[in-house]
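Two complexes, one shared chain (subunit A), two partners (subunit B, subunit C).
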Partner chain A sequence: MFCEKAMELVRELHRAPEGQLPAFNEDGLRQVLEEMKALYEQNQSDVNEVKSGGQSDLIPTIKFRHCSLLRNRRCTVAYLYDRLLRIRALRWEYGSILPNALRFHMSAEEMEWFNHYKKSLATYMRSLGGDGGLDITQDMKPPKSLYIEKAECIKDCKGSAKTMGADLKDLSLDKEGII
Partner chain B sequence: MSEAYFRVESGALGPEENFLSLDDILMSHEKLPVRTETPMPRLGAFFLERSGGAETDHTIPQGSKLELPLWLAKGLFDHKRRILSVDLPKIYQQGWRTVFSADANVVDLHKLGPHFYGFGSQLLHFDSPENADISQSLLQTFIGRFRRIMDSSQNTYNEDTSALVARLDEMERGLFQTGQKGLNDFQCWEKGQASQITASNLVQNYKKRKFTDMED
Partner chain C sequence: MTEELDPTAQDSDGGSEEVVLTPAELIESLEQAWMNEKFAPELLESKSEIVECVMEQLDHMEENLRRAKKGDLKVSIHRMEMERIRYVLSSYLRCRLMKIEKFFPHILEKEKTAHEGELSSLSPEELVFAKQYMANTETYLKNVALKHMPPNLQMVDLLRSVPKPDLDSYVFLRVKERQENILVEPETDEQRDYVIDLEEGSQHLIRYKTIAPLVASGAVQLI
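Let's turn to the complex of A and B:
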């Protein structure tokens, strides 16, 4: 049956415990593409036969090969896409410098994608929160404590205010406090 | 489990599979019995017992009974059944449906086809006259088993769960895992570990592997 190699690629990824990135299976991918090329050429020639000789009983065969081509494509695209999802997760969990062991598992194109993603993320983070930018890859869980360390009062809000959880006692200008 | 890795979920329980879902690709690899309604030349290499030799152009004759993967059956099927017609696998037929309705909990759904619900849902595409009964059976089977899955996933903490999940199909295992994660997170919070900084699972796994790399 066709598409066995493509299924191997998918199984390889599915087996890797959630999120881990196995080595890029360049050889496997090449074999799938070769199978697709062979299927396509066989179909080309059969289609020409049908067109010239009118031998219409080849049509189910052509459809069979076409389904296999679509299946190979689906497996390959899903394989590559899932790897990108894992690589993206690496930026968030590992940081922007990856250990060598991981880098060897990525293809050149995937490395390039990772660099582009890093850059986009960095540009976005720089655009947040005023001058210094904001590193959103830190502190990804919501705060556990009800209070934050320091809040500086930048605007004079004479007197005090009451909010749901806490009373804001003193909101005069430039006073620091725990809220 | 990596928290930043969001894989493409299965769509098999809905109207259509998700193109990019690895789970759905694996599910649709499972086979079902079909019958060819027309001869299929030049494909004999795949079904040696059924096809003719070189004289017939390696044709699979009309009326052959084959086992094809779901993706292929879906691709070749049309409502006029010009290329093939699809038979129901045994576990979705009346006999097994009766077994499920008697007691859904005792059945080993993993052995019967690890994607029982997903595959069964996608089977409905083939316009069998039994579709209504099949969908009812899928639903009632799940309803019968759900309570036990939920209970066991919420009450097994830090134990070996292999006996509990052995007879669950893939979808049920996913459900069990989600329940376990919820339980573990809750226990973590109760112990006050939620505010401790821990290395992410991903990082820990890679650190472990580095050791074995050095040994090679």
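Let's turn to the complex of A and C:
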């Protein structure tokens, strides 16, 4: 049946859990493109026959092949695009240098896409604010307290310490606080 | 410590007005922008002025900390504060980038057809990033697959293939300014549209599309 190979590509990604990047199925892609070429050529010759001979009972077959072509294209593009999304996630997970195991699963063109993406992201981050920019791939989680200790106030700290935007802390005598 | 920070806003006469925000107010507006961006299904207006001012503020704090006495209790508290602010700012910018990457054909299309004076949803740097992302992806797809396909199939309309943001998704909000006569459109054919008033301080769960302009104007806060 047509589009089997294309469906297999999609299924391959569907089975891989999120974040995982299976090896690039170069063979599979090639087979889908070959099938598309064959379908197109068959359609071309049939269309010519219809135009010259007027054999209109070929038209359903032509339409069917055209649908298969569209499906093949859709599956292929979905496969490639989904892989790009996974690769993009790798930049945020692992940073600019990818582990070798993952790199072996990427095609040369995917690597190129990744490099362009990296560069684009770096340019954007450098442009933030004044001098150095801001590395937004850091600070992925809300900050934990710097110390988690109980501090006992042995001296009355005359009121409170001010922090920007946060509540005033009450540092009166004998109060235990978690800083 | 009140500093004159300067998000220059254009008013309708084309003049610019300087808004003086205390640091506390600045951080509050950052947090509001952050929460709105997190919960809205689409990319919201770009708040470059807030980003710039916050970055400036972080630089000032860094300066002050460098000059301060070591071991001073205030140092650790201020450092915590800086980490917190940096986290919120990074999270806000990350959220925007994610949406830009997710909806890039639609966002770029909107930029193209935006009218003069309409506020952009992209900062200039974000626009550059978005365009590069699109070019990168299009080139990749073309070279790896599309150019090997039959001639009549080589063009893929990304506007049709990439999903649009779901503006019908539901959001929680808190009302900041009283609103009257908000038209709620029906979801199914059996319903009819109706009008509601939003009282100040009330909280609602409502379809995003209905209140999108109120988020932009600051009349409601997504929570």
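Assume the second predicted complex is superposed on the first by the 140 of 179 C-alpha atoms of A that agree within 3 Å, B and C clash if a C-alpha of one lies under 4 Å from a C-alpha of the other, contacts with A are read in each partner's own complex, and residues count from 1 in each chain.
Heads up, the rule we're going with is that contacts are C-beta pairs under 8 Å (C-beta built on N, C-alpha and C of every residue); 3 or more make two chains touch, one makes a residue touch a chain.
Please read these numbers as outputs of a predicted model, since none were measured by experiment.
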Regarding the shared-chain residue A:A16, is it in contact with subunit B (first), subunit C (second), both, or neither? neither
So, A:P99: does it touch subunit B (first), subunit C (second), both, or neither? first
Return first, second, both or neither, reflecting whether A:D139 touches subunit B, subunit C, both chains, or no partner chain. second
Please work out whether A:Y81 is in contact with subunit B alone, subunit C alone, both, or neither, and reply first, second, both or neither. both
According to the stated criteria, A:L58 is in contact with first (subunit B), second (subunit C), both, or neither; which is it? first
Please indicate which partner A:L69 is in contact with in the superposed arrangement: first for subunit B, second for subunit C, both, or neither. second
Look at A:V50 in the shared chain and tell me whether it touches subunit B only, subunit C only, both, or neither; answer first, second, both or neither. neither
Mind working out whether A:E109 is in touch with subunit B, subunit C, both or neither, as first, second, both or neither? second
Does any part of subunit A touch subunit B in one structure and subunit C in the other, and if so which residues? 70, 77, 81, 88, 141, 145
Can you list the subunit C residues touching subunit A in their complex? 23-24, 27-28, 51-52, 55-59, 61, 73-74, 76-81, 83-87, 89-91, 93-94, 97, 101, 125-126, 128-129, 132-133, 136-137, 140-141, 143-146, 148-150, 153, 156, 161
Subunit C-facing residues of subunit A, complex: 29, 33, 36-37, 40, 69-70, 73, 76-77, 80-81, 84, 88, 107, 109-110, 112-113, 116-117, 120-121, 123-124, 127-131, 134, 136, 138-143, 145-147, 161, 163-166, 169, 179
Residues of subunit A defined as touching subunit B within the complex: 1, 7, 10-11, 13-14, 17-20, 46, 57-58, 60-61, 63-64, 66-68, 70-71, 74-75, 77-78, 81-82, 85-86, 88-94, 99, 101-102, 141, 144-145
In the complex, go through subunit B and note every residue touching subunit A. 1-8, 19-23, 25-26, 29, 38-43, 46, 69, 71-72, 75-76, 83, 194-195, 200-203, 205-206, 209-210, 213
